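See the structures that follow.
Next come two complexes, and both contain chain A; in the first it sits with chain B, in the second with chain C.
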Partner chain A sequence: MYQPVTRGAGRTGWSPGFLVKLALVALVDALGVYAVLAAWGARSWGVLTAMVALLLVANWAYFTRRALPLKYILPGLAFLLVYQVYVVAYTGYVAFTNYGDGHNSTKEQAIEALLVQNERRVEGSPSSPLTVVARGEELGFAVVADDGAVRAGTADQPLETVDGARVEGGRVTALPGYDVLEYAAVLERQQEVTALRVPVSDDPADGSVRTQDARTGYVFTSTLTYDAASDTMTDTVEGTTYTPNDEGRFEAADGTTLPVGWRVLVGFDNFVTAFGDDRYAGPFLKILLWTFAFALLSVASTFLLGLFLAIAFNDARLRGRRVYRTLVILPYAIPGFLAALLWSGMLNRSYGVVNEVLLGGASIPWLTDPLLAKLSVLGVNLWLGFPYMFLICTGALQSLPTDVLEAAKIDGAGRWRTWRSITLPLLLVATAPLLISSFAFNFNNFTLIYMLTGGGPRFDDASVPLGHTDILISMVYSVSGLDGTAAKDYGLASALSIVIFVVVATVSALAFRRTRSLEEIA
Partner chain B sequence: MRPTRWFSEVGWRHVVGVLAVVYAGFPLVYVVSASLAEGGTLTGSNELFASVSGANYAALAGTRFWTWMANTLVVAVATGAGTVLMGAAAAYAFSRFRFSGRRAGLTALLVIQMFPQMLAFVAIFLLLVSLGNVVPVLGLDSKLALICVYLGGALGVNTFLMYGFFNTVPREIDEAAKIDGATHAQIYWTIVLRLTAPILAVVGLLSFISTFGEFIIARVLLQSEESWTLAVGLYGWVSSLQEANWGLFTAGAVVSAVPVLALFLFLQKYIVGGLTAGSVKG
Partner chain C sequence: MRRSILTAAALTATLALTACSGGAEEPAGEESSAPDGAGATLTVWVDETRQAAVEDAATGFEEATGAQVEVVLKNFEDIRPDFLAQVPTGKGPDITVGAHDWLGELTTNGVVAPIELGDTADAFEPVSVAAFTQDGQVYGLPYAVENIALIRNTELAPEAPATWDDAIAAGEEAGTRYPLLIQTSTEGDPYTYYPLQTSFGAPVFEQNEDGSYTPELALGGEGGTAFAQWLAEQAEAGTLSTDVTYDVAVAAFAKGESPFIVGGPWMLEQFADVDVAIDPIPSAGGEPAQPFVGVAGFYVSAQSENALLANDFLVNHMATPEAQLALYEAGDRPPALLEAADTASEDPVTAGFREVGADAVPMPSLPEMGAVWAYWGVTEAAIISGKSEPEAAWQKMVDDIQGEIG
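Take a look at the complex of A and B:
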């Protein structure tokens, strides 16, 4: 395969194909080098390493003759590695950390945040005449130091000496690179001005300059000091010493902790929380059972209805069956999210068309009663899913071997007997892999649950935002806190993702045993 | 045929058919009727076709609906096209070349596709936060980043579907071309891709349709209203003020269902073939 019999034109010289390849690789290289430089600037060493590796592999793959298969696989592989393999691995890592609110960053960042948050104006600290300046939209301060030098900075840019400033009456009135704000403009942005902190230097221990009146700046320094040698935080006002504990926080001898922590590995704590913690264990178990019930019942109900319709329409004597078929599969052609939203309106207790029109003004709480909400979810999923089952059952029925059916007829088997002993087994063999993948799909049918009920109605007994129709994936979403309704807990959310993965993988592994996918590899 | 016999053999099928059509079709008739209702509220939409006006459709212009529609189409078309190109290339390599690591690669793809990408949305979010610090256009709230994320799932899901189909194209054809002096690239672009066009259409369409309706990743990644997709935007309308926004939503639903519905009915035959080859609606 690597040694062609003859060499085509594209293999030598500057053929059009080669030029196209050259242009594309050059484009990728240009963008890649830009990303590498940006990563260097942002000090993201992980991104930098990955980009350099990708660029090297890409250039090697497209300019060597030895990596022929890689030329075709690489584009997809690159995306697969970054956005699938890496994120899955990262999910696995996060599942074993306490990443989330209160443990958002690295230890260095947590220390810096603690120092900044605990800044107070030190009594008797020096004050200096201050002018509010702006660089573009960004506000900053310019101060005149005791030695007469002008220093200026913004929230992101620590104070630095600026030459060429004009000072009148001990106060800066013009500054190269900055605009001096007029009094009216300062008043307009008063809140921003009083909230602004301009670091004195790169070291957070040096404190910052702040102002209350926009005319005088005071140096604020932190009441906390961090000692790198002993790795302790000391509160200089109360004299308490905090040492880092295993959970990624600074803890004093009496057990009080400082509010900002960092992420650390916590072992199986997240899994223990899911299965054992009082707040989560009860809801988690209910949700786990409901997820299984939902996925199984969805597959069963859609399959039975789809199969029944497939049988009903599978008769050449039925006139207009093409029309029936086209109309019946319409729900399948509607994007799932639209259908779920549509049904959420139709099932609305007070105004929905189901209660108001079909049931003549009833007030049935379709989506707000625990049991009815579950039935509604299943009912809507039946509407969404039966056309798919109808399609695959029709396909399977039409490919049944007719000779077997005829043989059964000749042997005197009745309709029911033929159906039970021949049609159904053959049908199940043909559709089983699809039923299993349908199970896996419904196991993670986030869109339906989230759009129809939002997981509600809520559990009465839980302090966590979970409800009776939540399935595992919507529980992951709630727990992660990414919708802003609860505290973020990426660690627990990722641990739950791993649980789902284990379930789905087990089921899929069973599926692969029954399909020929694995045999096809050989 | 006597009437009773006719009914037990054929007639009941018509009864079932009519019932099924009513069941499948009623919500669709309702949404069209509601989108044409004048009031634009949930209560006012209950009587089918009581009033017919284009007010709701006209009102869409005053919202971000068309921006969302454009975003969704851009993301779905780009993802569909990218999926086809990358999936077909990988399937070609696996189907036509024999190289070390081929078996391992195929097995790895099988294992990877067991982990649905949406499960990792927390990690995807965190990844994009750090990528965004380096290259903002690959970070949160960017359509390009969303497309990249979707393309990450392209190989795992579709390569097998294509691989099986590519194997059915006789190798003698490309061997003949090779003897005539064609390069591997020429064989790929001018022979294999042409012969596998049906499966390419199916994969492109399925990818388009599933991207069109994808919600959770889009919801997590797209933060400003201008960059939302339809799924995120329409959910916002219904979840915040269902009663008042109902007219807008139903009109938007009809408009956004049209492209998918049209594609689906137009290419029904191909899609059904692709479905039975093993993929699920996403």
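Take a look at the complex of A and C:
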């Protein structure tokens, strides 16, 4: 616990600074406690544990005198844990499961779904006005049959005719031996009511009465039953028994499976699938090459144009530099996805501004010819990306030490020589990390591809829905069915993103090692 | 969230009245003991078009049962993935609006519960209930049916064409820029082209006797090849073009640049200045041209803790002519409930679409459909643009889809 200590002039335990700290920590604690209670309410034990741990650490860090560095890095650390480490770890976890279409939830829910999906209303059975009744704690149904007779029963006791019932408006309102439940009481126990099955007779084949709205009863039979003890599903019509398999489905002896499955860990299966499907072998290589080409060319072209403009506008002799600079930065102010969408309209073969107005009615297939589409993608990315490079190059140029440049002049170096040996290396020291991050960004520039070409035009020779401008990340989107062209497979998507991460991380790490040699110049 | 108290009160009154006068099998037994369902809250996901209509029905429901209804506004595109992801966690809604072709995906993932419509089922357009039926069970309460038809500019073409060739001839006679408009785009538009394809006897999947689909591809074979060749011929003759996108087609028709356009009720807003009539889509291959029917409806979550309320709300409060007509006013699609549809059919345009829809086929809701969409449109576009040889391209498409389905 904190003990107020006096240390130095004016630093009493209840100094204004301490009070502010107390107030802030109290605020954080209040939020934290709220989150804990919310997690408790939602029964999310993982979140609850994490919140309690974070709260304890936060209180400890800010009230102890021994953890000075932690006081500064704790907020950042907490957000890093929540937004980065957790997300990465979860992606890693999903990569080893078969989460996706057909394996969407838990086994318990899958069993539930299979059971309700395989209930059939008995053909020709009447819909009977129904009343929910109770005998003690046990719920039951009372129905009015077609002939006006009142029949009642519970889960354990099949329907039997009960005399002396009061029927009003075609519905039972009082029944000897049972209490009629009010609507509110029914609502309170609605899950029990919808789960209740009252057998029609002693023979299970006759089916049972169920209700979905507590007003009308129907006779249903189940074609599938679940036995919890042996963990098997049985098809009562065919007599087939299904047992759970390793892939999270019920499987019969002959290999047929029931449609609804659940999530299970599948080990490295997703990684094997990712590289095992030979329909993807050809397109994958092309897409890999194009991804590297796209990322490298994008960085190179935007950097060169940005650098050129930065040098041009850095010349004191140029008038109106501010106006130019502002104008040049404009593309940077437009959201990327919007710009890509605008460009895809402007580059339309027949009605786009580029062909209609700029080229006088030409019909150049900018986005539908494989080569032109690639050029268009690079061109649009150049337009989108050069302002950023222009900004960082301008900044770096303006911070170059003038003494070194003067020394070069005195030593008799020419303009080109100064630029080659001094300006560029110094510039690269400042900008190289940004170029690497720009490469990593463009390597995964999903928005641009998705909005501009959607990956098209399609490969003519491939049997998968992929195209000439697809990059790895947009390929993942399609392969894992997230675009709706195949069954969704989040496990596969996560596995492939991990592969992409490894590629980008390796390239970036190598590049960073190279940039160290640049720093030696500085 | 709620509209003004006055309208709410007025609607509540009408709804309460209808609840009393009631559906055939629902005498108003509980009304006396009703308003005590307090405490339970029903969560309903809707998109913007449907919001007001559902809120109005919800007010009546709250009045009748005492339960709360929370109407949550969501983007229509987000509803399907969010529903799939959130229902298993228990955080999903009790009810959501949706399209019938989601059904396959929703049932494979076990996130929807069946709804027993009982005798109410007969009160709906048969095709709308069939669309929500899988394996003999109904999974949604339908409220609107939508399909495409031939929209005709009555000034330019006084009579409905009997065949595709008649339509083209009439279009050429009219002397407009386009003889007939059908949206295509470089990605293709297999949905709009489907009636033409069926007129060659090449439906996408085999159908069971009850109209449901089996995952056996049927778009290959002679019919499919004939359709592919026809596409190439028409493109050569200049009647089909990948340059015609949705926007181009709609704008051209609105300007009177063509007497015909193949399209749906969603276009009508932009044809306010044109006198239109709705005709069946002319057959190109000799057999009836059957478009796809899309049915919009409500699904109940498999993990709903208020299943009882949810079913009560849908079957007894959304399957009323008032609620269905309110949804019709908001969305302009013919209602699925026959009684409401009859009222809506006083408008000849709605009646026209409804008539075409009566002969149409539901869009398959099989999960395999995703694979079909992935190849279908681009292949048609490649044939129309002359990039691919029709027969080979069509065959490759069938093989690729088969490969994807496995």
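Everything that follows uses one rule, which is that the second predicted complex is superposed on the first by the 287 of 522 C-alpha atoms of A that agree within 3 Å, B and C clash if a C-alpha of one lies under 4 Å from a C-alpha of the other, contacts with A are read in each partner's own complex, and residues count from 1 in each chain.
By our rule, a residue touches a chain if its C-beta (ideal position, glycine included) is under 8 Å from a C-beta of that chain, and two chains touch if they have at least 3 such contacts.
As the structure is a prediction and not an experimental result, all values here were calculated from the model.
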item: Contacts of A:110 with chain B and chain C, given as first, second, both or neither; value: second
item: First (chain B), second (chain C), both or neither touched by A:351; value: both
item: Partner chain(s) touched by A:119 [first = chain B, second = chain C, both, neither]; value: second
item: Touched partner set for A:359, first chain B, second chain C, both or neither; value: neither
item: Partner chain in contact with A:424 - chain B first, chain C second, else both or neither; value: neither
item: Winner by number of chain A residues touched, once chain B and chain C are compared; value: B
item: First, second, both or neither for A:24, with chain B first and chain C second; value: neither
item: First (chain B), second (chain C), both or neither touched by A:171; value: second
item: Partner chain(s) touched by A:487 [first = chain B, second = chain C, both, neither]; value: second
item: Partner chain(s) touched by A:194 [first = chain B, second = chain C, both, neither]; value: second
item: Residues of chain A that lie at the interface with chain B and also at the interface with chain C; value: 42, 351, 454
item: Contact footprint of chain A on chain B as seen in their complex; value: 9-10, 12-14, 16-17, 20-21, 23-25, 27-28, 30-31, 41-43, 45-47, 85-87, 89-90, 92-94, 97-99, 102-103, 105-107, 110, 112, 114-127, 130-131, 133-135, 148-149, 151-156, 159-160, 163-164, 167, 178-179, 181-186, 188, 209, 212-213, 215-216, 219-220, 231, 234-235, 238-239, 242-243, 246, 249-250, 253, 256-257, 260-261, 264-265, 268, 272, 275-276, 278-282
item: Residues of chain A touching chain C in the complex; value: 42, 101-102, 104-106, 109-110, 112-114, 116-117, 119-121, 127, 129, 168-171, 182-184, 186-188, 190-191, 193-194, 212-216, 218, 259-260, 279, 349-351, 367-368, 454, 456, 458, 460, 463-465, 481, 484-487
item: Chain A-facing residues of chain C, complex; value: 25-30, 33-34, 36-40, 65-67, 84, 87-88, 91, 105, 107-111, 113-116, 118-119, 135-137, 186-187, 243, 245, 248, 302-303, 305-309, 311-312, 315-316, 367, 370-371, 373-375, 378, 382, 387-388, 396, 399-400, 403-404
item: Chain B-facing residues of chain A, complex; value: 1, 4-11, 17, 34-35, 38-39, 42, 44, 46-47, 68-73, 75-77, 79-80, 82-88, 90-91, 94, 99, 308-309, 312-313, 315, 317-318, 320-321, 324, 326-339, 341-346, 348, 351-353, 356-357, 383, 387-388, 391-392, 395-396, 433-434, 437-438, 440-441, 444, 446-447, 450-451, 454, 473, 476-477, 480, 482-483, 490, 493-494, 497, 500-501, 504-505, 508-509, 512, 515, 517-518, 520-522
